[in-house]
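Next up: the structures, one after another.
Two complexes come next, and they have one chain in common, chain A, joined by chain B in the first and chain C in the second.
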Partner chain A sequence: MKEGFRQAMAWLHTWAGLIFGWLLFAIFLTGTLAYFKDETSHWMKPEIPARSVSSDVSLNVAQNYLEQHAGGASRWLIELPTAREPGLSVRWQQTPTQRGERGQFTEKHLDPQTGAEVQGRESTGGEFFYRFHFQLQMPYPWGRWLSTFAAMVMFVALISGIITHKKIFKDFFTFRPRKGQRTWLDGHNAVGVLVLPFHLMITYSSLVIFMVMVMPASILVSYKGDVRGFYDELFPASTTPQLSGQPAALAPLAPLLEKAREQWGDGRVARLTVNNPGDASASVVLVRDGSDRVVHDFGSAVTFQGVSGQLLGATPQASLPRAIAGSFFGLHMGHFAGPLMRGLYFIFGLAGTAMIGTGLVIWLGKRQLKHAKAAALPFELRLVQILNIASMAGLMLAVAAFFWANRLLPLGLTGRADWEVNAFFIVWGLSVLHAVVRPGKQAWFEQLALAAVLFGGVPLLNALTTSYHLAVTLAQGDWAMAGFDLTCLATGVFFAWAAWKMRRAGQVEGVSRPRAQPMALEQEAH
Partner chain B sequence: MKGKARSLPMSYRLAVTSRVLAAVLGGYIVAALASVSLSSWVPMARADAVVTGMLTSFLAYLGAVIWCFACRTALRAWLGLALPCVILAVVSGLAYWMDRT
Partner chain C sequence: MLLALLLCYAGFTALCLAMDRHHVELLGRKASLRRRQGLRLAGWLLLALSLWAAVATAGWESGLVEWCAVLMLSAVLLVMLMPYRPSLVLSLAGLSLLACPVALLAQ
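Now for the complex of A and B:
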């Protein structure tokens, strides 16, 4: 490594990007899909009615239900419906049999108007992409560690990529289509620079989100190893009162919503926690919804005495460091984003995914040129080729299979939600096998073509298996449902185009192979 | 330094492995020590100081990783991390000691 700083950074960019590119591609794609988590869940559980009911009405419904069904629980959690997530969900935690253990949680979805339990199809919905995005289907906490480590590699790859890139703005206005490798590199640069602030924000914020887990040294030192003490100082509202043992009826919860709003001056309640319901020591914590502000304030809550309804306390305004951490969190999650902003988040996320994908293609393409005349690729290049195909085209197939499984699996199947997830991983695994047995270009073409058919077929499948097809949803103005179908259709068209390009590229190459090869590329991109 | 893995000598590969280890492990230690010393010196409430330390630690990590691959030899990569480690450890140890007395 004698060539100087920029070359060293190019080396770092190349290898960090290659080794973690496949994983980062999956993290970026599923994270992008998670921006429409609620809409995806709505499509995957179409039976849950999408009607908007005022918070007061649904809170009364929830309280009635919980008093009847969860009288002996140690804690109730109530998620109020929002415009995007119209369901009312209640959870309760049993009093643990032994002190210090975590009590069992039960969750029910209620119709926010009638209070009846909603019997939707069993499905993980958009939650699957959201969870996979940072847990990678691995046991706690390994998936979170691995995804945070991947985020750190992404951060290194971004900064070293910027350093490598000499003429960042000049190159940005240079796009040379239909020039093979050159075009891929131009695309990689353009998409990287165009949404660079987004890339930096999303990468750094993902480190901030898990900083307490991955960088706890300062907590351990400042609090002498007492991590609990740090949390209690950070979230004063989370402390549970001591059980008194005297039964007392809980005050009606709905009026507390108005009192909380008075405290904040604005905003709405997202979630209520009732500690020790039915006991004289009961307390009610109302947590503020983050969707009206960019800065996510983790602990913003008002606490009331559960029996008298008296105000016990409210968290003070967040200090500057916490506001900065909170705004990283808020920016990453995008809870505040309206429909337009959410769409932009989605597009930026796709741009990030495309940046990683083009990077992987460039790495291989550049090295393939040297073996253009050989019958077979050397082992390591063939391995990269297989991983490229399976991690990109194969992942798309897996996502499509997840949606198809949701509509095709019998409604009464036990473990139905798990089978949807299994379908995702089975298809992903099959795509690896397929990429191993078929030659590179053919495998790309076949997987892209199949993805085109599967995505393009989603609206049709939906129409055949449910009564919520496009003609109905468009007429009703159910944009979440219709938008999902239309997005899948557009994705199908895009993959059809990509498959067609792939086929043509393969044919052209066969005819005029020794065409001008991009010479300058060697020095510019490592 | 490119894809021609086969023609590369063993010493080169060991040097790269050494740099990677320095970047990942050594970089983490630098970042952790940086967060500890920053949080023990910023004049803020305890929880805020800790949050500030954690927030900025990843920049220290980034700097350490870049150093490990930009410097001339693998040995210099380790030495270049050891020096800030010692300084940061002394700085945070000093704060810890002042806190106790």
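Now for the complex of A and C:
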């Protein structure tokens, strides 16, 4: 009975893992890259200067700029720079010509010290990976549904994997390299078991993040189908006050930062919204930056009267269920993480990606053994092989192409940011074609070798096309920029090693086909 | 975080040595039952101590998160070192135990 159950779980693990493995690999990889979203954006928009200016100074700069350029707007939005995202961005919304319409938004990036407009290159930056991670470049809401469904499958695969793994404690510290299939399985188990807390946290929390979308029943019932009412209650509305028509000068905004901090006891302001600037009815909403705590606080804000600077209201303390949801959200996003912790998040994310990748390789490797003597693989195995190559090596190539496009596309190109994304998908598509045309091992080798060249070449490309090369960034201590270059270089070295291994494995096999692996493996890995 | 990492690594090494297969692998001989029990106890104690070290410096909220992170990191490190640099495994564990008082003072 017990063995029957384990076998059923093994079957589930095998097939759930295979069918969703390719998609999950892409979700995990882009999610991992998204942990360095701001740093990636900084590298992709190098014109935005990294300066350490206090919030007060940059807020004054923003207010001056907006008073000069957006006096008649109905709303200002000011995004204050942080240590990770050095840009000061201001947006304003024109007063709509007709009531009930949404006014046009204008966005500008400012130098937080001088207030001059920064003409950055048009780029999606790290935001692309972040968005792709859960929207999969699909129209709303399909991408979110698919990625949430994939997360559910991931959860099933994790649980069934734990049940399938017979010797979870006995093999806890086991990794045996250079033993073919055995090594792949050891590696799959090692990254799976040793980093299991992270895998479970990340998968479960992703379901919590989208729980309202997936399981709206409780809300629909309690609020009698009025979802809007639920949100209004959850996030006390920051509705625009009625325009009074009497002009009045806006109070200086910078002192409000200190007042907001007093309200919270700690913390810093992430962004400000000014409603009806220049009118007697102006109000200022200061939203707290959630990155100082693990438990994410959704939209904790204080509101001040814009002219007198009087406190109008503050969002109440989060309730316990919200704090629990907030802690899952915070853990998943890792906004709280300092540089060291962020690096660890990145490493564990890569471990998750590697777990999925090794799983896919094992599925095929085990079945390939039976056809070791045949000239060609049966169609279904060949299909899996092509998808393995394109979803793993091809995706890496696409990521590299995205970075190369950022540096090579002409700055004045219309729709430049879109073309970066297009480059990503074109290269990914080409990798599928390449994998179809070339034999399996050869395709792996060629794509890995190309990935090695592209990633290894990123620092050089950066040095040739911009003035922010490693010698400059290291000397300036711009670690986000330098770290990006160095990470790409290390990735290139890793892919070069992987390509070399692949080549050698191919040659050894050419001389003498390896003996069939011990049969014991068959029973362990389904 | 450093102290917690050192304690975690040493703890996992002790737990690893408490298993017959790895004891032979790392030290070349089998361990007596008493020795294995002692190692297992020491391993769990070190892991518990590392939890205390993480929570005492960073509080429950960040401390628990940091502890989980160093727990996973040290285990991955140990498992990757063992097949490739087995001689380093024990010397690193000894070094981390020696460095613990220094890390405690630095906190």
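Note that in this section the second predicted complex is superposed on the first by the 495 of 526 C-alpha atoms of A that agree within 3 Å, B and C clash if a C-alpha of one lies under 4 Å from a C-alpha of the other, contacts with A are read in each partner's own complex, and residues count from 1 in each chain.
Convention: a contact is a pair of C-beta atoms (placed from the backbone, for glycine too) under 8 Å apart; a residue touches a chain by one contact, two chains touch by 3 or more.
Model, not experiment: these values are computed from the prediction.
With both structures placed on the common chain, the touch criterion links A:I159 to chain B but leaves chain C unconnected. When both complexes are overlaid on chain A, the residue A:A83 reaches neither chain B nor chain C.
Residue contacts after overlaying the shared chain place A:F175 against chain C, while chain B stays out of touching range. Of the two partner chains, chain B is the only one that A:R322 touches; chain C does not reach it.
When the two complexes are overlaid on their common chain A, residue A:R293 makes contact with chain C while staying clear of chain B. Using the contact criterion defined above for the overlaid structures, shared-chain residue A:V195 touches chain C, although it does not reach chain B.
Of the two partners chain B and chain C, it is B that touches the larger number of chain A residues.
Touched by chain B in one complex and by chain C in the other is not one residue of chain A. On the side of chain C, the complex with chain A involves touching residues 1, 12, 16, 19, 22, 61-62, 65-66, 68-69, 71-73, 75-76, 78-80, 82-84. Across the interface of their complex, chain B is touched by residues 1-3, 5, 7-9, 11-12, 152, 155-156, 159-160, 204, 207-208, 211-212, 215, 217-219, 221-223, 230, 233-234, 319-322, 324-325, 328, 367, 380-381, 526 of chain A. Taken together, the chain B residues at the contact with chain A in this complex read 1-3, 5, 31-33, 35-36, 38-40, 44-55, 57-58, 61-62, 65-66, 69-70, 72, 92, 96.
Note for the complex: chain A touches chain C at residues 170, 173-177, 190-191, 194-195, 197-198, 293-295, 331, 336, 340-341, 344, 347-348, 351.
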